[in-house]
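Read from first to last, the chains carry the letters A, B, C and D; within each, the first residue is number 1.
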């Protein structure tokens, strides 16, 4: 998640769940921690029992709020105002951790003179290049590392920033070795210069006041001060505060900036890299972290290396390494990791002569993220689709557009353990299967107990799971399916001379299972795959123990450098370590990178390497042994003394001094101001959601100016302050349900048996809705029905100008299949895309609600309007047909 | 949530459509949920309670009347035969209500004084035995069996246990009900056993008088039987009235609403007052006696039926269960 | 002496793991899929095939402000009473007190007379309907538990306090699953000490109405082997304020039966007296 | 060695009493355990625990799956050794048994021909062959070597969605395979 990545260097959660117990205060926002991660929440409860203050800021009073010490209601979609006001508060009151900030951040850097803030441009930063804000699937996604500038290279007309002014003023200093000079950011240790980052930050957030919080978030002022007090009181040398968030912060058109705001606040409070501190990113799926580390994401290669892209002119290996190798900091190692990856994939065929088969890798020509791809499908640009353990028709956005898009496919493969709404999209309500030409396949896949392998938990911990039982019937593992397909393709292309088939021919694919029984079934050896991921020496195949052993000369092969060391030799698998202790548990599982549990833990000691306090001691410099030591694996060169001076002009880590805990950043410092790393601003700015009941109270600019929209009749938007949709809509999941993986289980289905909509009593009375009644919730996109759950757990919010706002909450767990059924809110939520990570906006929108059930969906209306299989811009099944300007 | 009333647009808090209140009335306890579980007992149990009462009281009657003279002997004889007939009818009825009838004998794997039902089963067993013996003796005396079997009775050796066990059999069912958590039964721990027994005696004697009438037996005995029936019925009536007053709110399920109506109509009005009135008529007809007997018996059955049904309704009332009667 | 539960409602996050863990271990079927709209409670009560039940109580600020500021959650279970009404009532001895001092229904003995049902002052035990089978839900490939309760249609069902698990040294499924240790299992006396300290701690912290339910009781039911720490009156959680042990009503019952019988017998003797002489 | 009386009534009575288990049968609240009760044992006792991990959220709770000698799943519960969950599980985790052993599960390969109204079971190899054929067909038709003079070597005709619900090794070979085919439209839930 680049919100964290651009600030600290890595996108992963910076701490581990057990350590939450050591926090003196925990701010839970953008997460319904107790309901969605109940078991990890036990550490929050332990902290509470130890006297910590638990704070929950959320649109709804949830099971998390029920046990929190402070609950503050907030209007969904306004978190940046709330967090921004906290930033402003700590800066103005000077209650931030001064020594920490001075030592470990870029607070004293000078921002370029020509940089213009949102203060100056009414909500827009300098470099704005206006254009049609429509997504034409051609914006390059930068991924989670700092790579090329979309607006600079994209021929298409869409708004984007030229980010060159979002940078620091540079000054020439002599190189460390005396030969000539080198340009480095100019600093003002006195921090008097108004262009110092800290002062720029102060100005930027000046208008984020408690009054503004009341007017925009609807959060009572006293609550705000209570929380500000708790945070500042519990941060500093002696005490630490931890933040926990989940998709409540990410699923917004400004999602990344929500996390950025939290990152800045935690940095100012000096809680990063310290026990009981940090930012806990709570991920939703068993291997969601793993699927980012070793991504099935269009813009990334394993280990957070970007996919080659035409837009960044990465036609050759040299060009690729040129853009993605950083002069200073850890990313100076990119060539080692990238070439080792190519060696792992293409084995002996990858040689220095042929650029290690660099040209085997396909090139990105645009944004190929889920939403863009779905639109492309609808527009008949995609023929075939693999859907593996996902259910976009029910759990995605604009479910109707999505299902509709599937009708435009030639073929579709679903791999799952149960029938899903996606697999049987051609049977959905109002659809006549005999009009759907898509050829559909279903492969039954094994569940976790029926196979072995690795899952990576929310705090980057790899855990190996053994196989318990045989899969039933024809069920096979996903690995079997991919492995078998690979063998089939290899066989098919064996004697092809077409260069396009060489990647298949040369792809290393020898994962034969040592066990005869498994081999007979054609199951690949997961251990052999893991060995390749871990990396080995090409010469003798010995497994590598750490990524520092990786070379850029083709002598090492490695599938994912960040995992190197998980399988140090043929017999050992660190992810299988099962020895726990009562805290850090270094011998339980394996946490990337290099088994570190708290990232940037060098910051748990002061600039001089001494613990900030005895109470919060974690990693420190041991003079005697001249090395970093402590209870965790130091996230720092272990022998690099705290007083080591930075070497200007040196490459890689040598350019960093001994007091630079954020190794992956160019300068090793936490980035309060990010120089052009994010597409929507170097500092977080509040923009209203694309569908919002109110005008942006802070700036003239209503929405994220570079958020991506698809303004077409099958993706209608409510727009701003639309009287037809006066209520805030938010979505979430409940403890008892996930999705298709729970709806078929009677024990869970009986606990939350039907889709419901939560609304406050006042609105219920106004709308003549009784608790338990059927209600219909509508947006410009369409309508769904649910049972009303009238509860004082939702409360009307009083915003500025006496505006009273009601919020309606709808769980995302339901669909038409299984024992617990109901409409999915996906039919209410249109495609909108955050510019940085292409995430959708499911957490805040607007809607209307009325008593009674929705009419049955019928296709006839549309059939008249649209002949089948005609691409582009047809009315969606039941969505309203009016286009609403978005920004 | 009562609170919503205050923000409801109109005082009545009524919404559109069916006019049901937007906001439910204040809930009792936990969403008006019953605290207790309803008894699952249906017709077979009600029938058992009814027949068991008559069976036992017939035994008691046999003891009371004795075989002093042929007239009494005939009454006692009828009572003994009634007992044994019912003693063969009751067990199957009782067994039929079990969830697992094939496991009826498990009732006999323990002798458990704390369990009224267990005691009842042993009691029923003993009663059947004695009644059987008495019947054999009776048959022998009536010449259907070898003379030597007369030793089995009818003698005090048989009559007394038959009477005592009979009293127990028709009395324990009342205890069985009141020794539960069901408020209306619990609050009746002193009344229910007593009026059940009275109703049993009334039933038994009215049945006996009916049989006597059919046999064209002694009028004097019939009068005595009717007299006993009246005494028992009057006592029953008094006890029910006292129970109504004593039970207060706990008694609502039994004395108010549907069950209350059935109780006052069938048991009190027809079964007790009606039967008495008819008996009092200055006409001499065997139909009179048969009718009043029928009314008494009907009243007796409805009493059992109402008791069980009231128990179920009582279980549904959380208020009664939060503060249970001692 | 004996093992039991201490359910500390102040630690409950209402996740219902206990309900599921219980149903999984005991292979109990679901009770149907009815949406109640009563907060997050859709199972509503303990029953023949629901042996743990989490109650949800939403409490508004006051009469005039419906905003919920307290949301009570409590995992209910069979109380395994010191003096158990169901056990005393059971005519077959199917309900027994096991070596762990817990009240256990022997499914192979119970004949479904149903007397235990109205005999429980907490409304816990109930009869399992016939052919109420998990088999209708789960693969019948023999992978389900052969001890499954659904094979016991027609008999009484309630929490066994995982007697079978205790016998092999395992904690009860619900207590083991409970993520926040709101459900604590162990020696009842130790649990009681812990609970008393906990109440003091909470009262010191100013938690309104923290109290124990089922400890140092003066009722005829006595203390409960599965007791609770509540923060409101018992009725809010659908618990009786003063449960009464049904068998305490036996003596007065038998007595009045005897008196009635005696009285009627005397009346009878009187009526039938002086018969001989004409 | 002392001489015992030929008949010792007391012991006879004692034996009879024990044989009949009178103490357990008679009394205020007799306590008579059946054979089943006496032999009762939690089924975990007849299974061996296999360490696995919960497939729901990302907290990574370690689980123990108890498997009988004939390979049947008996029970799934939290792994007490884990520092993450210490043996505890949430309701979803507690239902892993139900996710695994469930008659609603689809355990056969299925095929739905164009315009067909129902799924039909097909042999797994048949389905795999058909899928492979479709992939190759589409790839041949849509593979692009160059676009606007730039080498792209990709196909936009095939897309893939999924990854966060299965293993890292599986993700790895899926990514490797798709990229080698030239597929770039690859996504999963981790899009945050």
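Throughout what follows, contacts are C-beta pairs under 8 Å (C-beta built on N, C-alpha and C of every residue); 3 or more make two chains touch, one makes a residue touch a chain.
All values reported here derive from a predicted model rather than from experimental measurement.
Chemist: Report which of B-D and A-D is connected by more C-beta pairs in contact.
Modeler: If we tally the contacting C-beta pairs, A-D comes out ahead.
Chemist: Averaging each chain's C-alpha atoms to get its centre, pick out the one most distant from chain D.
Modeler: B
Chemist: State which chain is most central when centres are taken as means of Cα atoms.
Modeler: That would be chain D.
Chemist: Roughly how far is chain A from chain B, centre to centre by C-alpha average, rounded to an integer in Å?
Modeler: 72
Chemist: With centres defined as the mean C-alpha position, give me the chain B-chain D separation in Å.
Modeler: Centre separation, chain B to chain D: 56 Å.
Chemist: Distance between chain A and chain D based on Cα centroids, please, to the nearest Å.
Modeler: The mean C-alpha positions of chain A and chain D differ by 28 Å.
Chemist: In whole angstrom, how far does the Cα centroid of chain B sit from the Cα centroid of chain C?
Modeler: 30
Chemist: Going through chain C residue by residue, note those that touch at least 2 other chains and give them in order.
Modeler: 15-17, 19-20, 24, 36, 58, 60, 65-66, 88, 93, 109, 137, 139, 141, 179, 181
Chemist: Could you check chain B for residues that touch two or more other chains and list them?
Modeler: In chain B, residues 1, 3-4, 7, 109-110, 112, 114 touch at least two other chains, as defined above.
Chemist: Could you say which residues in chain D touch two or more other chains, in rising order?
Modeler: 25, 29-30, 32, 72-73, 76, 85, 88-95, 98, 102, 104-105
Chemist: Taking the touch rule as given, give the residues of chain B at its contact with chain C in the complex, in rising order.
Modeler: Against chain C, chain B makes touches at 1-4, 6-7, 29-31, 33-41, 60-61, 63-66, 68-69, 71-72, 97-104, 106-107, 109-110, 112, 114-118, 120-121, 163, 167-168, 170-172, 174-176, 178-182, 185-186, 189-198, 201, 224, 227-228, 231-232, 235, 311, 315, 318, 321-326.
Chemist: Residues of chain D touching chain A in their complex?
Modeler: 50-62, 65, 67, 71-73, 76, 81-86, 88-96, 98-100, 102, 104-119, 123-124, 127-132, 134-136, 138, 141-143, 145, 147, 150-192
Chemist: Within their complex, state which residues of chain C touch chain D.
Modeler: 15-17, 19-21, 24-25, 87-88, 93, 96-98, 104, 106-109, 136-145, 147, 162-168, 170, 173, 176-179, 181
Chemist: For chain C, which residues are in contact with chain A within the complex?
Modeler: 11, 13-17, 19-20, 23-24, 29-37, 39-40, 42-43, 58, 60-61, 65-71, 73, 134, 137, 139, 141, 179-181
Chemist: Touching chain B in the complex: which residues of chain D?
Modeler: Against chain B, the touching part of chain D is residues 25-30, 32.
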